[in-house]
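For reference, the structure is listed below as structure tokens.
Chain naming follows the written order as A, B, C and D, and within any one chain the residues start at number 1.
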Amino acid sequence: MIKAGIIGSTGYAGQELVRLLLGHKEAEIVWYGSRSYIDKRYSDIFGNMFEIVDAKCLEENMERLAEQADVIFTATPQGLCASLVNEEILSRTRMIDLSADFRIKDVATYEKWYGIEHESPEYIQEAVYGLCEINREQIRGKRLIANPGCYTTCSILSLYPLVKEGVIDTDSIIIDAKSGTSGAGRGAKINNLYCEINENIKAYGVTTHRHTPEIEEQLGYACGKQIVLSFTPHLVPMNRGILVTAYGNLTRDYSYEEIRSIYDRYYGKEYFVRVLDRDVLPETRWVEGSNYVDVNFKLDERTKRVVVMGALDNLVKGAAGQAVQNMNLVFGLAETMGLEQVPMFP
Amino acid sequence: MIKAGIIGSTGYAGQELVRLLLGHKEAEIVWYGSRSYIDKRYSDIFGNMFEIVDAKCLEENMERLAEQADVIFTATPQGLCASLVNEEILSRTRMIDLSADFRIKDVATYEKWYGIEHESPEYIQEAVYGLCEINREQIRGKRLIANPGCYTTCSILSLYPLVKEGVIDTDSIIIDAKSGTSGAGRGAKINNLYCEINENIKAYGVTTHRHTPEIEEQLGYACGKQIVLSFTPHLVPMNRGILVTAYGNLTRDYSYEEIRSIYDRYYGKEYFVRVLDRDVLPETRWVEGSNYVDVNFKLDERTKRVVVMGALDNLVKGAAGQAVQNMNLVFGLAETMGLEQVPMFP
Amino acid sequence: MIKAGIIGSTGYAGQELVRLLLGHKEAEIVWYGSRSYIDKRYSDIFGNMFEIVDAKCLEENMERLAEQADVIFTATPQGLCASLVNEEILSRTRMIDLSADFRIKDVATYEKWYGIEHESPEYIQEAVYGLCEINREQIRGKRLIANPGCYTTCSILSLYPLVKEGVIDTDSIIIDAKSGTSGAGRGAKINNLYCEINENIKAYGVTTHRHTPEIEEQLGYACGKQIVLSFTPHLVPMNRGILVTAYGNLTRDYSYEEIRSIYDRYYGKEYFVRVLDRDVLPETRWVEGSNYVDVNFKLDERTKRVVVMGALDNLVKGAAGQAVQNMNLVFGLAETMGLEQVPMFP
Amino acid sequence: MIKAGIIGSTGYAGQELVRLLLGHKEAEIVWYGSRSYIDKRYSDIFGNMFEIVDAKCLEENMERLAEQADVIFTATPQGLCASLVNEEILSRTRMIDLSADFRIKDVATYEKWYGIEHESPEYIQEAVYGLCEINREQIRGKRLIANPGCYTTCSILSLYPLVKEGVIDTDSIIIDAKSGTSGAGRGAKINNLYCEINENIKAYGVTTHRHTPEIEEQLGYACGKQIVLSFTPHLVPMNRGILVTAYGNLTRDYSYEEIRSIYDRYYGKEYFVRVLDRDVLPETRWVEGSNYVDVNFKLDERTKRVVVMGALDNLVKGAAGQAVQNMNLVFGLAETMGLEQVPMFP
């Protein structure tokens, strides 16, 4: 059994990680870390865990945790993981960081977009970007995994085959993304109150959202050159789900079959990426509670563009599910272990 | 492997049954029955099943199904199961009926409240009322199970210990219940459109709802006399969940500890019934997607009443989950098999 | 023009008062009081007011306000109004208090249920309970009005005719109420975050909610004796609306027509109380944004009970709308002035 | 008093028109037309109208209606208005058509996108496109007004100044729009059931939505050349509201102030168009229930694009409100009459 510790277990992503690990037959949770709820029973915070989890929340003591855990998940605000990681810890345990600290290879880019100093840049190169479908082989056995962001996972997986194959002009990419509200976290903020979110849709972080450079970097690797793109997130009155609608100018005329065959080639054997049937568009309701990403595209002959769409559950494939998928890869388990949930509808 | 057929697999309860059976290691679905979608691919109707279920919908031919299935689930409108069942079918297979056809022992009561003639009253006595926590032993090995209603499961499990132990005056019982909208079914009705349900709460079926006699009958067995009670359902703008708030006059003074010990005695060893800690009230969000029922009570010294509350997921413990629990009992499997899902939040 | 000042203008009830007063042709707002947003532009807090309200928020200085305003609305937490009111203020202006400070005539009851000391009990007798349909004549011209609570307005108006006419046994009254989330206020609390409220229903304050003694007192006046009743509020995932479902044992056999004629006698000429047609049940969607209360009842011959239902918008008739109605009565204006909004659907 | 008749009064837009006209001091409704509810009391269909509207629904007899009404609103499916209009009717009354029949000047384009034959193309040239802020002068006194679509109103008003002033490359325009569910109409369709819409977001009509040519035509007039653009609508789980996020490549470097001054020049004096403060982004909650359109933009120096956003209530400025605004212009009334509602929040 893999002993897992969670730093930040009382946020939405942390709690989802608990849900998934409880159903994972090769893992057990040994540490429910929390800054706000130390010594409080975990099931007093999350009533769904009543009579399922008996543990109390523990402080976020990385050293002690490294002694007890085979893997540490950090589902914490930006900067925390980078401030805690060190050689001693990494020599004892594996780390899967759900924050952005080790996702961006260029420190200056990280510091500019996140507005904080990176406290352990020496580990950035070692860290593997844990987008499993793309970096599967590099992830196996590694000790430090940068788990991708929710918007980025959905954006990259939707666009990756077309960018890599040169189907779209990379100067023309526009990503318009929509997210459920669990992505905004569990902090007590007026802006996230029920009555402020319900019956509303808004864009936010327009031109400045921090997932932008992460998407640009990864898609840049795909095509071998620097990409600058537009990314606009929106907040939708629902709990879970991300939908990405992305636009790109075609580099030449393409038939439906040509592009379809590209997607099939990249994702035909992927368990978690479902390329939908022609004219069936991704919807977040069909992936809720699961690790699937549904993708599809529409060609627009009038505008010579392709519209690419992707849908995932931001707490699963966009956070905790992908973290478990990374754990499976790191420890040499079946990649889908503990992640076979059928999406729950309605 | 138990071969399972589903009549009515394209309603919300039927689809939930599919979700649960797909995760059940001793069962496989051999028949996706549907009146409306014959020959249509199941995953074209429910996109969550894409690349998971490859089957097409089949007609609702009970004879052919009885040849192929070890168990038939009927998730159909009232009257259908009663019109199809016969000795030939019951001699070949088991039936778990999610409709109300075999729940009520008195045919006249059934016909009065449901407004239809019962077409196979000869099987009513044989049918076992499948409220597993109460009728567990009678269910084992039987061939015809009447799966309880969603409101009734929640109402009965919440009140049962107090009624059986004579804690409350059975003439005084008032049940005020609230349900998510999946309970209203998947029919194309204006009343169930998003804009009609959203931002609204209403009572319906006041004094006339069909779950009333079912609750009265079962609670009557508990106390050994006929009960007449008030039951009022409400429709809440959410997908899943039932909350029951029930009121009863105490037959004498009771302390918290006395009543608590009764609940512990009845449910202390029950896997799916969680008696919450003192002053923690049931909420539907904590049971969503799971087979749990959360119950608790508050004593009111001012009014000499006890307020009993229960919460469950209407599609799981209130329908498909309990049906699987019944299947497990019928076939001698572990009662919790395939039903260990941790509730999903948020 | 009546000059109106609002203490607590940045809560949901305060903001609704602003919306209503902006449409009132005989009133103007001269003071947008706020503890949290002093000097901040009101429309920076509530974007709906952009280019409509130009004012900034002012401190909650009751003395200065009393010099400038003909009427002061206090939409503040319990205890604040009682701590500020004095003879000097009341000699200069009128006060309509949306908090509970002057609703309950017995100080001990107030202090017990609210857990705070009443700082100006000398004004309790003078204060008029501003349930306009019942105390209309006493309200006219008065200087201190206790604006009723949201649950209480709905509960009392629904039950009043039956209690006053002796139709129901007052020992048997059970009120099961459901409210939208704006009733929980605009404070930054985890419990009121979108993801905590959405897809959930729960009871709260069971046996202890503070509106209980207010309902008991007012219904007690109706029948001339002390009443003890059960009141249970629930939180529903919607922005606005309260639905009350109340139960009472009939004191004798009654026909539909008898009870109907009682409701008609009491409310037939009331502009804001709509007694619905037979078998049409109140729903919150039909009163949203308006000052209407919809009421109706169902007789239950089986249980010898009557089920009474009422629906209103908690921010309008349950708070700001009734406050404006009280203002109209106090100043001798047409009672419906500024309150003729047609309910907005969907 | 202007006598108004409504064809299609029992859809969501028709009902909103009733709500607005009831509050209009110079108009009265003389005809509640409905195909589905003839002879049924209007308030039996829409409970919000109880004791407010006493009328019954009438057949959709355009000839009889033309005799009685000064203006006819047609809130009906595409093709109906075009099939009914004739010289006799237009000589007696004015028509404001909320369908698309007279919006598109090129019959072939209409027939291609809508898939139906236009039955009265002879009136297309006469019809004025009723986007009041742009075509105000042409609307006055006319007898046939094509009321714009909801998405189109929001899209055009957001982009118009930049297209007209040549700020953006018109070949680069991408409009990503999001709508509440009332825009999907009140038909009994499974796809619009509560449980299908709730907790979901999806794109639909990708590359094929019928509002595309309408936007292209009107923006084409602005810049004097043909425009081809991408338009993608999405369905959001909320009742009302449209948010448009539009992207365009800048034709040269622009400062914030330059673009701001353009918006101010076009909309500074417009009552219903609110250009928000710098960095304040439009949100649908701030316009709900009102005729306002909130617009703003963000410059993106990295991508040399401008992101333009607009928000409106699809039933008001996107349908019934603009129809009333057109009526006011046609009859020479104050343009804002009956449309001064403060947006309702929450």
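Everything below uses one rule, namely that a contact is a pair of C-beta atoms (placed from the backbone, for glycine too) under 8 Å apart; a residue touches a chain by one contact, two chains touch by 3 or more.
Nothing here was measured: the structure is a model prediction, and the numbers come from that model.
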| item | value |
| --- | --- |
| Chain whose Cα centroid lies at the greatest distance from that of chain C | A |
| Copy pair chain A, chain D: interface residue numbering same or different (half cut) | same |
| A-C against C-D, pair bridged by the larger set of C-beta contacts | C-D |
| Interchain centroid distance [CA atoms averaged], chain C/chain D, Å | 37 |
| Distance from the mean Cα position of chain D to that of chain A, given in whole angstrom | 38 |
| For chain A paired with chain C, centre-to-centre distance based on mean C-alpha positions, whole Å | 46 |
| Touching two or more other chains - residue numbers and ranges from chain A | 12, 182, 195-196, 198-199, 237-240, 283, 285, 288, 346 |
| Chain A residues within the chain C interface of the complex | 12, 181-182, 184, 186-190, 192-199, 237-239 |
| Of chain B, residues touching chain A in the complex | 12, 15, 19, 22-23, 46-52, 182, 199, 239-240, 274, 276, 280, 283, 285-290, 294, 340-346 |
| Residues on chain C engaged by chain B in the complex (per definition of touch) | 174, 176, 178, 180, 195-196, 198-204, 206-207, 228-230, 232, 234, 236-241, 243, 245, 247, 281-285, 288, 298-300, 302-303, 305, 307, 309, 311, 346 |
